[in-house]
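First chain written, first letter: the chains are A, B, C and D, and each begins at residue 1.
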C-alpha cells in the first residue's frame, strides 16, 4: 500500500484520473456485475475505450458513449450520461437485462444516456454486439459537406468495412473491395437523442447493410458484432471521413473514380 | 525507496517532469494548505489539469492558468505567473483568503498571475467555483473571424453549455438546445491582463448568462460552479471554436441555419 | 504478484492493452522463436513500433504492417493480417524461414498479411532488413496530388533519405543533399495487396535507388537495411509528404526551386 | 529486480524505448560527466526534452538537437548527430570544454552534430545557456511565406519573447508588449549546417536582440540564458509561427494592426 501511494505522489498528473480507484479501495464493495479481473469484461473495456476516445477528441466534454453486450449473459453495459468520459470507472456503469430491458444496475448520481434506446435498437435489430457513438468533428463536417449519404470510393481503407454480403462458404462477412463505394446514410438531428429512434429504424430498412449512421451536425453511431469489430469500423470510417474533408478542401470529390481527380486539380 | 529511484531510471523521459517531487521528498516540509492526499484538493487538481492543458496546446510556453475555490474553506488557489504549466507542483501555488482577499500563501520565486483580479471577479460576481484561462489558437482565430460576438448554432455539442436559464422545479441549470445559438462575447485585449477587468465586469452586465469571454488576439476565460463543470464547458467551447474555424475555411457560416449550408457550398 | 495486479487496477486505461500479457503469464508456454528479453528482438520491436505507429494514425483500424529480418537467423518476422496493431503481442507473429520461404511459425486464429510477398520481395531484391507499410493520409493525399512520381526539393529533411550512391571510400550510403529532389515512384493500387508484386518489381528496375514506393489511394512501403534506418526513412518521408500537401494548399509547388515560391505566392 | 523486469513485460510498448537502461544496468560503468541523479543535469534534461520534442514532431527522423551549458562547470552538452532523438540516453552525449572547446567526451559510434559550431557561437556571442534546434514544419512554412523576416504583431503570446531591452532597475529582460511586432530573421540554408555560421554571426550583428533565427526550408534555432527560458521561447515562437500560417491561410496578414483584419476578410 505504501508503495502505491508513494508512487502516485511522483506523478501528479495521474492523481486526478485515478480518484475513482482511491475511493474504490477505501469504501466500495465488490459487485460481480461490474467488477472483473478480465480486461475483456464490458465494464473494463468501456472505461478503457472511453479514455482512448477522449484522447482522440471523439468524446469532448461529456459527449459520445459506448455500449457493449456481455457475450455470456447478454446484458447491455452502457456508459452513463454527463460523465467525463476519460475518468469513467466500472462503478459508473448502467447494466440492462438484454431480454426484459429492465435495469439490473443503476449507478447513483448519474442519468441513463439519452442514447440508450438507440443502442438497444442496434442490439435488437442489427444483432450488434457493441455500439460506439462519437462527436467526431470529421463526422460533423462530413454531414455539412454531403446531403443524404456520405460517399467515398477507391481508397484502400474502405476494405476494413463490411459490404453486408456474406460468403456462402465460410459464413463470414465480405468486406468492401477497393473498387467499391462506401455509403453511410445521414439522418437529421433532433432536440433529444432518443427522438432519433424513428430515423434510425427507417435507416435500418433503407440501408440494411450499413454498420454506421451519421447524424447531421451531431456525430456518428457505429456498430459491429463485437466491440473489437465496432472499434475497427469506427476507426476506419473516421479515417475516411477525415480524408474526405481534406479531399473536399483540395477540390477533389471523395467519391470520384480512379484517376478522375485529374479532372478537378492540376496534377503534378 | 530503492524501488522508486530504480523505476525512474527506467523512464528517462519522466525524470525532468518529476523534479518537483524529488525536491519534495528531500527538503520540503509538509504544508496543510497545499499538500493533500485527496486528488480533488484544488492544489492537486490545478497541477493535473495544467499538465493536461499543456498537452492540448492550451498553455504553450507559460501561458494560461487555472484558479479553483476550495469548497470547504472558500480559499482561492491560483497558478502562478511565468511557470511552465506542465511542470507545476503544489508548492508553486498562491492561496488567497476568499473573504479578505489577502494572500494566505505566497510561493517564493514566483509572481502572482496577472489574471488574479479577473479570477477574483469571476468568483465574486459570477459565483464561480473555478476559472480556466487558455491561449487556445481556436480562440485567437475565432476572435479574428468574428466581430463582437462568437456565434455557432445547431451543433449537438452546444448542448454542453448552460443557457443561463434555471429549471424552476429542479433548480438546475438548463443547457442550450440543439436549435439554439451559442453566443460568446469578445472583448479587446489590453497591454496587461489586469487591465481587462473593466471590460470583464461590463460583460457580466451585458451577457449575464455567459460562462465564457473571448479576449481578442489573446485567448479565452471559461468559468463554472465547479472545476468539473468549468473543464467540460471549456472543452466543449474549444471544440465549437475549432469547428467554427473549419466551417469558415469551407465557406460555411458557423451560425447558419440547419440545411442553410447548401446556400454557401455545393453539397454532394 | 500482488503488486502488479494492484498496480494495474489503478490504471483502468491500461487493462485492455495488456490483456495479452495477462494470458501469457497464466497459460502460454515460452517459445524461443518469439519470446526474448532483448528489446531489439524483431518480435518485440514489431509490437513496440506497431503501437507507436497506431498512435501516429498510420495503422488505423487494422491497416499497415511491419516486417523485420532477424539479423542472426535471417528469419522474417511479419505482423499478421487483421489484428489491431496497437494491441499486438509476440504470440501474434508469423515467422518465415529466410531461405526456404517456409513458415517456421503460424499463429492460430490469424491469416498471413496480404503484404507478405511484397515484404519478401524487398528482403530479396532490395537487401532490406526491414519494411514498414502504413496507410498514412499524407501518402494517400500525395498520391492524389502527384501523377507518376512524388517530388519535393530543397528541404533540409530530405537529407535523411539515401541518394542511392555509395561513398567509394567508406562504403556508406550517401544521403540526398539539400539541393537535390527526392523522387518517390507512385504505383496504382489493385484489388488485393499481393497483386502489387509486379508493379513493385518493375519499380525496383525503374527506380533502383528508391527506398520507398507510394501506392495510390492506399499508402506507402518504406524499407531500409535495418529497422532503425527504415523507421527514420519512413518518418522523414511522411514529414515531407505532409509538408508537400501543406505547400500545395498554399499554392507552392513542393518541388519548386529555392526562392521560386515567390512566383506562386505574394511573399511578405 | 524481479519487480522491474516483470513490470516491463507488462508494457511491451515501453521495451524498445528503455533498451538503453537495460544495457546500462548490465554493462556500463558510471561516468560522473554524464550520469547524475539530478534531473536538472544537462545530460538528463537533453534526453527528456528530445523525447518531448520528438512527440511534438520537431525532431522527426533524426532531425533537430539541443545543447546545454552546465551551469557550474561551463561545459557544453551536445546531442549527437544521426541518433533517434526519442531514444537518446546520457551515454550518447558529446561534452565539450567551454573554454578550450576541446571535447571532454566523445561517445563511440556517433558523429558530432553538424550544428556544433552554431551552438558554440550562441554560447559565446549571445551568452546563451542553451540552444534548441528543430525542424518544425511551422518554421519551414513560415520561411516560405515570409521573405527576410518573420513578423507577427498584436498577439498575447508574443509577450513570452524578450524585447532585448533590459529594465535598468531590476536588470531583468523586458518582454515584448502586446502592441509590439515580433521580428525573427530568416537566413538561407546551405548544403551543410556548419556553413550557416557566417550568416548566423551576421544575424547577431543585424538583429542583436533576437533570440531566434529561422533557416529557410530547414527549421529554427532558439536560444536563451537557461534551458527553461529557451524552451519557453521555442514553444511560444512555434505557437506564433503555427498561428501565422493559419492566418495566411485565412487571408489575414500576421503582422496586421489590431482590427485591420476586417480589411482582409468579411468579419461576422
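To be clear about the criterion, contacts are C-beta pairs under 8 Å (C-beta built on N, C-alpha and C of every residue); 3 or more make two chains touch, one makes a residue touch a chain.
Since this is a predicted model, take the numbers as computed values, not measurements.
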item	value
Starting at chain B, fewest touch steps before arriving at chain C	2
Homomeric contact chain A-chain C: same or different residue positions, threshold half	different
Computed distance of Cα centres, chain D from chain C, in Å	28
CA centroid of chain A to CA centroid of chain D, Å	40
Residue numbers of chain D (touch at least two other chains)	3, 7, 14, 17-18, 249
Touch relationships between chains, expressed as pairs	A-B, A-C, B-D, C-D
Of all residues in chain C, those that touch chain A in their complex	3, 5-7, 9-19, 22, 57, 60-63, 84, 135, 137, 140-141, 144-147, 151, 188-191, 215-219, 245, 248-249, 253-255
Chain B partner contacts - residues on chain D that touch it in the complex	3-4, 7-8, 14, 17-18, 20-21, 24-25, 37, 39-40, 44-45, 47-49, 51-52, 89-90, 154-157, 160, 177-179, 228, 231-233, 235-236, 238-239, 242-243, 246-247, 249-250, 252, 258, 261-262, 265, 267-268
